């Protein structure tokens, strides 16, 4: 019984922490982008206010069961993914957190959003869903090769074991094959964050936010929370498998150890985020066919080379 | 209770709600006016997947009936009205209307007025091009360059404000000269600084937009026009220069001080969106160069408007009967005005010919066929379509 | 088409063309640590040009009521109004300006033969859409010195009048100026011709 | 003179037209309405490649519309106005289209049809909705006899916030 | 159930600080929108940003004159926004027609067709004036006086009557079907 309560408590705490830090990440994205634009930008807590406002809307438009369910589905999948990823020395399901499972769970929120968007019947949402599907398809290939490279090189699919292995042999990216995999994975992350040049599925100037066009009020609010958690989970996953994660045991107190490892992880996550922001600020958007061709070309070649090198 | 699909369709048809897909392959898509890329202009697209099958331009959201309104207001007052035709560069309608009226009356403009008018027109061109860079980069998705362009344009806005007393609607060029003199020498110095400043910032735009690999990928081979097509469709301005026709009103039909100024006309043969963008980019550089030359020349001494006793009583100011056509080179193309007077204190007929009426309807409809939905904003922006001057 | 006939100076193609690059866009990050160009408006003030075309001012003593301003106005925002201040009727009608129409072209100032009508650089007027607040958009301008005094006290370019009260029955108008002063007069009628004092004003012409 | 030479070159092949030089780089032709297609075809051959606008001027005193085809020649660097007159009654105000000669004329013809009611025969987009909204179509607001103030009062039921008695132009 | 009224102050604070704007430039004032949104005046400092989709927007800026053809779209867009929503009118034209007081194709008194919360003077208003108007709307949200959306619900009959008088009955369906014959290459059937 105590174990159940403790696990539940841990889960809630992780969720709260992830949501909060995710919102801060959203704020950081907006502020840093603003600074590159030579302007001041919003306060860092702005995304939280946005979400509160969206949740407090008085009228909500719904288009049926699938429409509501898709959103919940997206949020649930993201939370589940978060639970599988090791967060420093804490983790609920980290033992079961296998690379393929987490990657899969991080991608399916997009499917949930697409269900909802398609059921709204808006042509823009339909267009956006087409694009999102194709993007999803395009990133599979480099993603797969990157994971193969990781698994080949560490001989395991478990995220936690990869993190532990990195404690002894150094970060993944200092090994050439894994560096290549990391580059490919980072390009994929750009699409998962929805930043330029791969923000094709939302593309405000072209298809007016695509799948999001019909969402308003509470639906959009939940999507904002989902986005925040997803940001946290994706950066966390990347820092875990490529940037060494954080397992700090140098302090006597376990609380201090946990805090220190969270801090280290946070720095790594922000570093991952910054690369995404910088790339997003300076490149225009690809069209969907160009993006697909791009993903099937460069990142695939890089990741495949990494996988082959790792296998040798 | 279950209602079958066919019954629903029938009920919808009876209630006039036949909004189903057009046929089994295509669907209807309203592109605008509530859309970030269109600026209150609407294109009705028949789509097949993400390809456009047919496009119909639907103008008229900004129609106010200027040509009728201008017939009911005194000659000078029309300046305050007609400049609303082209919002990004309101000096152009002012200038063409004033030039046409000047021609009907037969006024010789004082040299100082000519200098000021040329400077204002060139400043308007620079500001409109910066605005266009902003629009292009917002539509391409490289927001950084757009934000910078809008910020640098504010410097020109401040200069306009000091010269004319307003930020956007200057109401400055009037028949017979301009309304105010240059405020002081500090203004000229500030203009020189601004020209230098914007010139120094041009490489930044190059890095982000015009030399960016992805921009090339997005714009190459999109919306291709050839020379014959462009001439037949009445395309003017940078758009026709991008197809290889060196037509520039400033050289072909010189006005104001342009015969004395030295500038180059960029001409490219490709006729695609990229060529149009590069031509505009080079023209921005040339406009800054023209401003430098004008500043070098310095404003000549003398009156800033025609000394005519008739100008004392503006409401009763009469223009002799006659008609005239005047046009200038705006950033969008050949902007013309045809003014008819019947000798009273109001114009008899004013027709403004915006370049976008040629670019925005037939050219756009034909260029969009076969384009991807992502190319639609790029084509719109590369044509630099300005909806208010279609609608008037 | 004969190209040789056109002696345009055509730019060489090499100057116009650009080379695509993956590397150069990264230079776009160079302003990341520079100071933003933003004017932080509630805390900073922008510099308004000295002769910015803002609201009008009117020297009532100089105004001769010639209606030139009313004739030139493209929006017909100006109407001549007969006023009564402190029980004495003004000898000439004065222009009443409707900012629900005015386009701030200031042609009226240009044509004013005596220089009575002028403009100040105040430009800010924000109200709710309520009948009593919209009254603010319709006023007879006050003396430029008076506006200048108010501007010295409140340097934020706002409309110099805070509230306009208008009694539809008695036609009495009260301007509540921003520095607390109340300025009262009565509207007798509209038009260039003086109103007939004996005849009661028609209800159809009810006007602020 | 260059302009005179252009006119002479054109008029020898089109004896039905009149031409004159207005000033440097501006020429003017008067053509009967039924020969407009022949004349524009000729102009196109003679190097007037761009059509800038079709202007309609309403002359109710003469009972006529004046159509001004504004042409520009990049080759000669000259602006040509081709004037023609047609009756202004709505059922008689008909012109042959020049869409096949200058494709862009289609747009200008739609414009003229919407605002003046000139019907261009052969232009199949004549019936297509153009700038004006449903309620204004068929009003032809740019005609001189369109009473705008009365129409505005009827349509918006308000001309001024407070007073509705202002029904004539002060100017 | 949780009593959400307790959280109203927090909600009002969030609504005030995160006004998303519909990206719909309805008139000339649209030209001052880019400077407002971009580096020089940077509205994002107040948490405002243009939003391409009306479903998630709160504030509607009527940037200048409104023609009947645009007004149809404005009404449809306005009705798509979820409550609470606010409308701000720029310049003179929506109030009284402005310079288009006698134009046959410009709306004279916007309040007859759509509830407007704040109006700012100017032709066109400077960005500072627009920011002042936004400030005003923020204050009104705090006080609870920005109730245009409530008025629209309560007086829907009145607004609908005016709209129908202007456009003719059944204009929504007519607008939606208008282009289908032309897209399908068949002439209007009527």
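Each chain carries a letter (A, B, C, D and E) given by its place in the written order, and its residues are counted from 1.
The working rule: contacts are C-beta pairs under 8 Å (C-beta built on N, C-alpha and C of every residue); 3 or more make two chains touch, one makes a residue touch a chain.
Remember, predicted model here, so these are calculated numbers, not experimental data.
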| item | value |
| --- | --- |
| Chain hops separating chain D from chain A, counting only touching neighbours | 2 |
| Starting at chain B, fewest touch steps before arriving at chain E | 1 |
| Winner on C-beta contact pairs when B-C is weighed against A-C | B-C |
| From chain B, the most remote chain by mean C-alpha position | A |
| Whole-Å separation of chain centres (CA-atom averages), chain C against chain D | 38 |
| Chain D and chain E, separation of their C-alpha mean positions in angstrom | 37 |
| Geometric centre distance via CA averages, chain E-chain C, whole Å | 24 |
| Two or more partner chains touched - positions in chain D | 49, 74, 77, 128-129, 132-133, 141, 148, 161, 169, 171 |
| Residue numbers of chain E (touch at least two other chains) | 38-40, 42, 45, 52, 67, 69, 95-97, 99, 101-105, 123, 126, 174, 182 |
| Chain C residues counted as touching two or more neighbouring chains | 1, 6, 25, 28, 31, 36-38, 40, 71-72, 74, 76, 98, 100, 103-104, 134 |
| Touching residues on chain B, where the partner in the complex is chain E | 15-19, 22-23, 28, 33-36, 39-40, 44, 46, 54, 56, 58, 60-65, 68-69, 72, 80-81, 84, 87-88, 131, 134, 146-148, 150-151, 153-154, 157, 167-169, 388 |
| Touching residues on chain A, where the partner in the complex is chain E | 30, 34, 37-43, 46, 49-50, 52-54, 56-61, 204-205, 208-209, 212-217, 220 |
| Contact footprint of chain E on chain C as seen in their complex | 36-42, 46, 74-76, 98-104, 123-129, 134, 137, 157, 159 |
| In the complex with chain A, residue positions of chain E that touch it | 4, 7, 10-11, 13-15, 17-18, 20, 38-40, 42, 44-47, 51-53, 55-56, 58, 81-84 |
| Touching residues on chain E, where the partner in the complex is chain B | 22-28, 30-32, 34-35, 38-40, 50, 52, 54, 65, 67, 69-70, 73, 77, 99-100, 102-106, 123-124, 126, 170, 173-174, 176-177, 179-180, 182-184 |
